[in-house]
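In the part that follows, the structures are each spelled out as structure tokens.
Presented sequentially are two complexes of subunit A, the first with subunit B as partner and the second with subunit C.
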Partner chain A sequence: MKFRSDIHNISLLSKVAGALNVVGKVGWLQLSHSHLQLRVLSSDSSGSSQSQVWATISSSSIFTDPKISSAHDNIINLEIPLDTLHRSLKSAQSSYTSASIKLTKKEGIPRLSIIITTETAASMNHAKIVQDIPVRVLSPQQVAHLSKPVVPKPGCAVILPALNQLKGITDRYVKMVGVNGRIVLEGNKNGVLKMKLDNDAVKVESEWRGLMNPVVGEDGVMDWEDDGEEEEEMIETQEKERFSRVMVDSRDWAKVVRVSAAGKRVIAWLCDNHSLVVYVFLDEEGDNQATINFYVSSMVV
Partner chain B sequence: MSTLQITLNPLAVDRLHEALVCLSKFGDSVTLEAKRNKLNLRTLNPTHSAHIVICLAGDTFCDSYNFVPDPNKLSFGSNGGSQVSQRVDEGAFKCKMNVRALLPVFRGRYVQEAVNKERDENTVGGIEKCEIVLQEKPNKGQCRLVVKQFCRYGIMKTFRLQYEEADIIYATFLKEWGVNKWAIRAGELKKWMEHFGPKTEHLEIAPEEERVNFTSYTLKIIDGAHILKTPLQTSIELDLIEFNEFQVTRDTSIAVSVKDFKSIVTHAGTFEHVQIQAAYGEPGQPMQITYDQNGMFCEFTLMTRKKGAAGPAGKAEPVAKIMSHRSGIPGGSGSVVKTRETSVVSRKESVTPAVPPTASAQPAVAGKGTSRLGSVSAKMPPPPPRVTPHGGSVSVVANSRDSPLISGGRQPSYSSGLRGSLQPRQSQSLFIMDENDDVFGPSPAPAGDDQFEALLDDLDDEDVLGWDASLGSERVSFVELQERAVNADKGKAVAEKRKEQQEERTEESGSYVEPTQRKNVVKGLFDD
Partner chain C sequence: MTQTPAPSAATGPVFSAITSSTRHIYELLRCIGFMPIANVSISADNVRFSVEDSHSMQANVCLTPDLFSSYNYTPSSTYLDTIAAAPPSSAEQFNLESIDDGVKFQISLSALLECLQIFGADGSSNSSGGGGNNNNSRRGIGGGISGRENVPFGRQQGPFFGNPNLFEQNSLRLPGTCRFVYQGTGFPLSIILEDAGVTTTCHLTTFIPPSTIDLIPFNRTTLTHKIILKSAFLHDALLELDSLSPETLLYSVSPHKKPNFSLSATGILSSATIDFSANNKNVMETFLVNEACVGRYKFGLVRKAIKAMDYASKVSLRGDGEGVLSMQYLVEVGEKGASPTFIDFRFLPLNDDDDEYDEESYGREGDEGSGDIDDDADEMML
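Now for the complex of A and B:
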């Protein structure tokens, strides 16, 4: 098992690690020739809500000339502490002249070593920084059962409103409803998104209008169960006004919003009473080079 | 009653706050020591592996500084002005406060957030002047340190702070220990230190040819289940050109606590264009880091260790424990001193003969002082039973806690816990495979492990901290010896004090500080 590569985009990797660090402590990193995938399960142990985050970055948008080999289709699966990964990248991302990454073993512990050379301000000489992140190598059997969740076709896909505004409002909602409160999201194909909370003490509702409704599936490979073709005729006005509704844990929603802040464009899919899927595009162009998918299951009313 | 009146300008308040923040990272309490021309802030960390003195010069740091010692405590008060003026330390006022109580008093909220640290007072908002006055009225039970902040628009904030009587704890750093020196701009070093993660424990500073390696490592043994909790291991390789000065003996690599080192560098980084100077000897001897600017002199004495000198995983390092011990060398030998003295002396100590403490509290003599004081120490009377300082609970506790370790449990305690302590180079040669090696494949591991074990064994053998922790009854605290000596011969003590004055100057000029034990002596003498 071998992996080494030059990194040409530390900030992208750092951004992904930082975003996922919001969700959980340990991530599953899959390295292959074509892509780098990082998955995190929400660290919520209560089991009241489930969420998963999958970040997929094409290998070429981070690595230069990666060399990867393993006995299993040249795919390497690692468990990696996200805070450590994020930290080691963050400190270097501002000023590096070159960076590389490799899988090593030091003191009996497998490590992902990030080697950064940087020019010093004083002498313009090179200083070398090595960050050794402990990892655990996972066997293919250990990860065989892990796959992206399958969701039904969303009732509504909507581009989220300005994220800093959304974050401010969400934070206030979370304060009002507490960490395990419930927040309802409703959206329709007319560009309306509603955020509601309704508990014993308080009832609040926010509404955004004029949001864009991207065509489902346009922006990425998204798996959903296809349940017929009746969808085709639903472009009537009445149908456009119909709201799709999900109810999520307030803390999960807060995490979604924080993770979304890493993206340039964020699309939320509301799968009626089933799940909320947020598609975060990290690239300016919104292509699929680097995306984060955030799956949150909707709570049953 | 002592009189203490200090006036600070807003900028000095800000810097005082930064200094307190730095101190608070080491310990909970700060000891204030007011002398005729300066105010010392001291903190010793709980494991006694780091001692900090921040000295605020009365004339340069403070706008005005006035300290008049308690006349009752001046034993030679009638001996004429010239002599009195030389005794700078005489009747120093000492008190201890919780550093967290002080922090909000001087907090930068009076000062605009350090947008720019220009010396322009216009940038400083809110506070206009700060006055610190000591109100010592023991009879009325009203001893307070009163801090008055004069703010804009005529607002005055008054803080009456309680304090408790304190003993001064000194750290010894002998000049000859500082054979290895380097100096670097604080800003640079701070930038490098930012790469180190928060959880790492130790920082090794190892010179190589033309390069210096700063490597963090942990001594914790990480078992398989928690492998991902292994702290980030960071290594930074710098060219010697980055240093303003670098004179380190070949192969002298030492390790200090990352957290302490980082706290120091962070504080130094708050100054502009400050140069950090480090001086140290062999691993196991203390390292002294100093810097100063505009009347603030900062001196940190840190315990060092050899890389691989490990304690049991997850526990406080033995280095620290040993350090806390009143360490020393056999009286009179004055040669190999691999100890550091952190002695506690109180006024009462010299007055009140008390119960002999546990064996571990048997102190010894620090080397250099002994040699310099040759004539005095030669005449020293037999060591008295160790006195338990009245307020010196720190040392008492530490000693009792440390005693088992000191008295021979040391070596065994290192025998484990070396797993994570290999030097990076060695480990590289062992474990970092070439591209063609399959790191996680079956083949290379066993051989590597054997070598690894062998290496561990080697390290075990070398793993001797240079502490003279033996507790023979012939050993006695240097301080006590001096006290005795001085008591026996006051004339010598006066001569001694002159020397000390010189040291004082050295200290203030920012270079290293001589062992300061003799100040204690003088105090002990004159406070009687």
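Now for the complex of A and C:
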């Protein structure tokens, strides 16, 4: 089992590790020729709620010339502490001239070593910093049961409003319902998103209008370019106004919003009474080179 | 007050008010936000929020019509034309003892404070949202109330106005509106916040208030002293004493002997006294003391006024023959030239031989007190 590569975009990797560290402590890192996939394994959430977070980054958008080999289709699965990973990458991010990563073994413990070469402006001296992150190698059997949840085609897909504002308002909602309170999200295909809470002391409803609704294809591929009115007309007005609804744990929703802040464009799928799926696109163009998917199951009333 | 049990909306709202800034309203209410529930009373003169703790202290905030760009109160089910009479003076607007025939209910004050912060909420700012402005230390923002004036709500990015974020979307957006609506008995108090592409509607459940909400009586005819000073001095003094974690605040005034006014407290390990001199006009604007007196108050309760001390510009401290301490904080709000508003605190003294408060005597005093001063306006410091 071998893995080594140069890293050319350490900040992207750092951003992903930081976002996932919001959700949980331990991650599953899967390395293959084409992709790097990181999933939160242990979540801080209470038992009642179910959420999953997956980050997928194309190998080429982070690594230069990766060398990877293993006995299992050249795929490597590692269990990795997310906070250590994030800290290691963050410290390197500010000043580095080159960075590389490799899988090593020291004192019998497998480690992911991040090697950073820095050059201080004053001295012109090179400094090499090696950060070893202890990992656990997972067998294919151990991760076989981990797969992305299958969700129905959403009743509503909507681009989330300004994330700073959404976070500010969400923080107030969480204060009002408590950490395991319930927050309802409703959206339709007419660009409307509602966030609601209801308790004894207060009922609150926030409504955004004029949001974009990306078109979701049968295969789940989204297209948010406005490509012709034919599609628009095909959807009847009544259908466009119909709201899809999910109810989520307030703490999960607060995490969704925090993770979303890492993205340039964030799309929420409201699968009526089933689940909330949030796609966080980390690139400006919104291409699929680096995305975080956040699945939250809707609570049963 | 008789209440019709069934809601009747057909006649239009009993109360409605509009403002483009919730900041002052939020800051005022935050000063009494130490209790989760508030009694609300709406009249033509103001909206009054009252809280009480341990039957030993009360705090009142009055939102005057000056804080709103429009303020409509229609007491009965019949439409009345806007009251043509001259608007009441600020003292009248804040007359706690005046006969109050307004509508009354209880709401969750903590929920209201959260709702107000939704207005202009922006997770990117340092504070906990636009309404938060929690880093509101007097030193941080230009040394006093005047430094904070005319800063549009939610646009204040931080303590420094020369902010590099000046051209962020947040600072360029159009001002929003905030509407308060109360349809009448049985209806919620609704707040509709429209701001930067989002409309938030908050319906605060209105609960029936306890049949009598007795104001702690303050007997002006037995006034022992009246001191007006910059509230910053009181704030700093309380913070100083607070570090001792004391049980009791010893409050003493003396007409001739120095120190003229002192606050002291004793903690487990040490004790401290802060003396104020009546001679320094920079410290003490007014110092009228009829007789020397010493009062003991529960420190934990007086401490609850600390946010008001921080927010207000001046405070009037008065005592009556029964040892009731009244603190009235003057807060300059709204546009320049608008009359100030007040936050009023009243504290019952600790009993000399027993720190526990005697329930019975409170009731008795209450009856006497209200009889004495019912028709006697409780004048403000101005």
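The working rule: the second predicted complex is superposed on the first by the 278 of 301 C-alpha atoms of A that agree within 3 Å, B and C clash if a C-alpha of one lies under 4 Å from a C-alpha of the other, contacts with A are read in each partner's own complex, and residues count from 1 in each chain.
Methods note: contacts are C-beta pairs under 8 Å (C-beta built on N, C-alpha and C of every residue); 3 or more make two chains touch, one makes a residue touch a chain.
Since the structure is predicted, the reported quantities are computational estimates derived from the model, not experimental observations.
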On subunit A, do subunit B and subunit C fit together or clash when superposed? fit
Tell me the contact category for A:180 with respect to subunit B and subunit C: first, second, both or neither. neither
If you tally the residues of subunit A touched by each partner, is the higher count for subunit B or for subunit C? B
For A:136, using the defined touch cut-off, is the partner it touches subunit B, subunit C, both, or neither? Pick first, second, both or neither. first
Name the contact category of A:147: first (subunit B only), second (subunit C only), both, or neither. neither
How wide is the angle at the Cα centre of subunit A, looking out to the Cα centres of subunit B and subunit C, in steps of 10 degrees? 70
Which of subunit B and subunit C A:97 touches, first, second, both or neither: neither
Would you sort A:164 into first (subunit B), second (subunit C), both or neither based on which partner it touches? second
Touch test for A:208: subunit B only (first), subunit C only (second), both, or neither? second
Let me test your reading of the model: by the given contact rule, A:84 touches which partner, first (subunit B), second (subunit C), both or neither? first
Minimum C-alpha separation between subunit B and subunit C after superposing on chain A, in Å: 5
Any idea which subunit A residues touch subunit B in the complex? 1-2, 4, 26, 67, 79-81, 84, 87-88, 91-92, 103-111, 120-123, 125-137
Residues of subunit B touching subunit A in the complex: 185, 188, 191-192, 194-195, 197, 222, 227-239, 241-242, 419-420, 422, 424, 427-428, 431-433, 435, 438-441, 449, 452
Residue ranges of subunit C in contact with subunit A within the complex: 107-108, 110-112, 114-115, 117-118, 121-125, 128-130, 169-170, 188, 196-205
Per the touch rule, the subunit A residues reaching subunit C in their complex are 161-172, 175-176, 200-210, 261
